[in-house]
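Next come two complexes built around chain A: one with chain B, the other with chain C.
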Partner chain A sequence: MADDGVNTKVEAVSKATTETIELRTEDGGVFDVDKPVAMEFLILKSFYEDEGRVFDKTSIRLPNVKQLELSKVIEYCTRALEFGAKSAAAAGDKDAERMVRQEREGFEAEFVDELSNEMLKELILAVNFLDIKEMLDFLIRSVANRIRNRSVAYVRQFFDIENDFTPQEEDQIHQENAWAFEGVDAD
Partner chain B sequence: MAVDWTQLPGELLESISNNLTIYADYLRFRSVCHCWRSSVPKTPRHLPPQLPWLMLPHTRSQSQSHRAFFDVSAQKIRLLKYPESSHRKRCCGSSHGWLLIMDETPAVLLINPLTRVKVQLPPLSTFPIVLSFNYSEIGKEYALTTPSGDIYRCSLREMRDSFIKKVILSMSPAGDNNFIALAILNLTGDLAFCKNGDESWTFIHDAKFFSEDVIYHKELFYAVDKNGSIAVCDVSGTSPRVSIIKTPSQFGGDIQYLANSEDDEELLLVTRYLDLVNDNVDLNVFFKTVKFEVFRINWNGPLWERLTSLGDRTLFVGGNSSLSLSTSDFPACSGNCIYFTDDYCEFNEEFAFGDYDLGIFKLCDGSIEPLPCYRRSSHSQIHGPPIWVTPNP
Partner chain C sequence: MGQSTSTAASSGRRESNQSQLSKTKSKSLIYPMQIEYAEEQQGTIDGEPDYISKLPDECLACIFQSLGSGDRKRCSLVCRSWLRIEGQSRHRLSLNAPSDLLAMIPSIFSRFDAVTKLALKSDRKSESIGDEGLILISLKCRNLTRLKLRSCRGLTDAGMEAFAKNCKGLKKLSCGSCTFGAKGMNAVLDNCSALEELSVKRLRGITDGAGAAAEPIGPGVAASALKTICLKELYNGQCFGPVIIGAKNLRTLKLIKCSGDWDKLLPVIANRVTSLVEVHLERLQVTDLGLVGISSCLDLEILHLVKTPECTNMGLVLLAERCRLLRKLHIDGWKANRIGDEGLIAVAKGCPNLQELVLIGVNPTKLSLESLASNCKNLERLALCGSDTVGDAEISCIGAKCLALKKLCIKSCPVSDQGLEALAGGCPNLVKVKLKKCRGVTPEGAEWLRATREPLAVNLDNGAAEHQDASASDGGAQENVVEIPPPPPVHTQMEAAVPSSSTARSSSWKSKLGMVSILKRWSSGNSSSRGS
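Moving on to the complex of A and B:
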């Protein structure tokens, strides 16, 4: 997704009166982000609101975030806000609430399906840094789903972790609950 | 940026593990590396109630030290170390992941097959109607008294097989919890209980004959009789208090079960219809389940209302403490079903032949499917019918 496209999308969403913040990623990406979306990033929110800074259009550098991740984050948060508004509007109407819920579930399923394992991991770190609770919960749930019924070797490979148990330690771990290490999905 | 996941903040690791809903996944998570192992507790506290396993009958051909369990969630056989396995023992309860085992002694033992922890309950000789117990009185080791004051004698085996129908627990005894065990007595229809630390069993006299099934629901024991009337027992004080809720007689089934779910307000009653079947091969007759019906209590009445669907819930009934689980966490399990096992000791004594009566009853169309794991055995054992056990560390 070219960041030009994202910028256009973000700008199209913003109304004339919506303020934007300029965010720069570590690999040179530049994004104009709507204030409501940017305020979902608690790291920014506390920077402005808690610190009592005046909201002006200075550019903010995000040292731990790359363009690809930021564009995904913006996409998710923008839609999350939309769903939030739709949900509030549907409050009290069970059918409408259900429809919004299903729509959201559909979007989230598609969103996460498109993410490679590598991308999912990078996003988690980025979102953890930006401190976006709702998105982090969603990504964590997705990671948990991806390691469900997988072997220990698969999980290590997924997260790029070296096995630092000695053979005796591993043996002992297996002995304690041998049954849990059988019957996993093929790697 | 190369991502070093062993350096992940502890809270993120904990969050990931908190989203693992199946115990086996949690165990494997803790086996990845030292850092992960130490960042989450050994015994998880967040797991939702797990889908039960079916403890398969003890067979002599199997290794003596292991017992086979069918894991419904993973659709696989698991072998657990279980050196206590023996055809001389009887399991008469499965509650919160603990089995209640009786053998040819007065001992009453709780064991968790997953953790191998054991808890002793007061022995059979401490029931108020047991006058005496003596190993040297061979064949009539126990002397019991009837309500009219007569005395009769029972052997070790008779006591093991027919004294207690079922035992349920209010909660898991793990961690020295203040659990309460409640036993339904077969011969007399009495209910008796003991609390953690008690030295003997106490009768709940006013609940006599409410002996079809018992369940622990919102800190009270609910016991049901054949007609669906309920005895609500509060044993928290110094002596038990019972209130009776009479309901109109609404069922035609042969066995009633009570079920509830942790997060539900609802109390369910499941009635099981049996038919006598001829085995044309050996000319034996035995019982087979033909259908179930499910009812929900309506406290305004009070009466039981028929439910035609359980939604995404599935029930597990049999010799265990009935389970009601939502299947949304468990894709391998279909909702709106009743998974059942053999469970009729009063019927069983004469008819100890034939297959075990177990399967999956589907409420949507009334059909019964066999359980995927079970293989026919021509040697049925009274002491070993399969039983549902919740893996509960």
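Moving on to the complex of A and C:
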């Protein structure tokens, strides 16, 4: 994608003047990200905190991330922080807590619905690289949902994987698998 | 090879990614990070120019962990690296265990090399895995924390002993329909010092021969770690006495359909195991003496008394006076009418913390319901099943007085739509109502209640299907069930004959007083001998 100066300003969680950091993606996207959101990316957090650097308006280049993914990541993390704040504010009030939970579930359902399989995979790679635990857990659950109860062939196609078993190996695996019964196992 | 990596800390993830990468030779991530401060104050998180082209192993392992056994099997067939990762990240495995499992053990357990929770299930028709197989498994799964055995009749004491010596970290053992005996059980207790939970059902090897006493079981080194003991359908369950009594930190004790007299053992247990907070007694030969014995557990919070018709109001009254911390009480009176208003009123007065009350085959009237409602300010969950005395008047009493109630279940009671009207105007905190097999309640009535009390969830089920009642007993019918003989007409430890259910109310005052004085003497005698 050509560098047409895509520049996204992300609203801060609090309305006070928040420091931002500039992130540049591999394909030329430029994002001004609020510090609280950026610090959710542990790769950045440790970059600053572990290395003892001063958080100034440095522009950081992320070679493994494209702009489409980064914008999705920023969207999710910003909302996640908002929900976190709302949850904290609602603490103790069961009805309010439930409302925040439902709102969050609604957002997450919509968010993931809009993602193609390809995008979901790309996001996992990006989020794993950026090291954002909460979002990674969410994406992983979403992928699991998409391959649940699907055939082996479907799963291979989903992940674009080639079957590298010999027929004999497949037979042996089938044989071993037959010994395992469907765990009803609630311990 | 090797144990699967944890997915917890982010730094852990990075390191393990790195080590995984050296094994799998895929593209590496950015390590270390470099920053170049150019004049324009630009920084770079440096790295290889290419993406990782496939998902990192740890992400895959996390995906598998969100899937069930069937899906995991399918994933193992996708490709070689998935087979490896799925196998290494599989901690829980349930295997069919006939005798020919033996030949598969080496390959299965080199594929699944990180199993900590294992179930082996055979059936009564075929020969099960034997000692050799179990020992082989125990050598491959040294870190086993949980073992579940079902119908593994090929296992003997020797096999259990060898297993226990190899898997000393065992935390939970559950065995059902096995045939080893006290020696094997003792071997587990003597080797597995971290054992927290012991569940035994139908252990054939502890049946005594003609009149011979069964070998005692316990306490063993496991005694101080044990938190839960559950015994079901055992002859000679009393031989577990030593391990129960020796379990100084035991919190939960469940005795279900175990034959023999428990009146003697229960008081001893209650006196010595002061940490008990949960006790289930179901289909046991236990009378008020045993019940009063249990009342020495002053910290008791949860009590299930299911189908123990020799436990009467008297025992419950005395228990309620002592067990003030009772939170959950389930009583299945088996329609024997031995427990009713009198006992429940005592519970109401003695146990202000009561949160959950389930009454099956018990006939409370407004007297006790009112008392419960006014005294138990935290009563949140109430279930009344098979009560001939719970009708619309009782429901309206509940509605008017049970202010903390959140969940209400009424089953097979003479309640009608009118009762629902009363409910609509009461129980301000009600979240869910279940009405099952109440012939007087119509779908229209339920719909009306739903509409009137939105967002109250109203579940109406008049279906013919037999529903499980809220008792603690097994669901399906069991063949070869240990049948407790019906209560004898005269109990030797009591002054007066225990009246049969139909004449429960006609027993004379004198015999009642005599009973109470025996029980009181006995329970206070117990308390003075405590604290040694």
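Convention: the second predicted complex is superposed on the first by the 160 of 187 C-alpha atoms of A that agree within 3 Å, B and C clash if a C-alpha of one lies under 4 Å from a C-alpha of the other, contacts with A are read in each partner's own complex, and residues count from 1 in each chain.
In this text, a residue touches a chain if its C-beta (ideal position, glycine included) is under 8 Å from a C-beta of that chain, and two chains touch if they have at least 3 such contacts.
All of these numbers come straight from a predicted model, not from anything done at the bench.
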Next item on the list: Would you mind checking whether chain B and chain C clash or fit side by side on chain A after the superposition?
Entry: clash
Next item on the list: Please work out whether A:155 is in contact with chain B alone, chain C alone, both, or neither, and reply first, second, both or neither.
Entry: both
Check: Between chain B (first) and chain C (second), which, if any, makes contact with A:103: first, second, both or neither?
Finding: neither
Next item on the list: Would you check which partner chain A:179 touches, where first means chain B only, second means chain C only, and both and neither mean what they say?
Entry: both
Next item on the list: Please work out whether A:141 is in contact with chain B alone, chain C alone, both, or neither, and reply first, second, both or neither.
Entry: both
Next item on the list: Please determine whether it is chain B or chain C that touches the greater number of chain A residues.
Entry: C
Check: Is A:82 contacted by the first partner chain B, the second partner chain C, both or neither?
Finding: neither
Check: Looking at chain B, which part out of 60-68, 150-158 or 240-248 clashes with chain C after superposition?
Finding: 240-248
Check: Across the two complexes, what residues of chain A are contacted by chain B and by chain C?
Finding: 64, 121, 124-125, 128, 136-137, 140-141, 143-144, 147-152, 155-156, 159, 161-165, 170, 173-174, 177, 179-183
Note to self: Considering only the defined contacts, which chain C positions touch chain A in the complex?
What the structure shows: 10-11, 13-14, 29-30, 33, 35, 37, 40-49, 51-52, 54-56, 59, 62-63, 66-71, 73-80, 82-83, 92-96, 101, 104, 107-108, 111, 117, 119, 121, 146, 148, 172, 174
Notebook entry, point to check: Contact residues on chain A for chain B in the complex?
Noted result: 64, 66, 121-122, 124-125, 128, 136-137, 140-141, 143-145, 147-152, 155-156, 159-165, 170, 173-174, 177-184
Checklist line | Contact set on chain A toward chain C in their complex | finding: 42-43, 46-47, 51, 53, 56-64, 121, 124-125, 128-129, 131, 133, 136-137, 140-141, 143-144, 147-152, 155-156, 159, 161-165, 170, 172-177, 179-183, 185, 187
Item checked: In the complex, chain B residues that touch chain A -> 1-6, 9, 12, 15-17, 19-20, 22-25, 27-34, 36, 71, 74, 76, 78-80
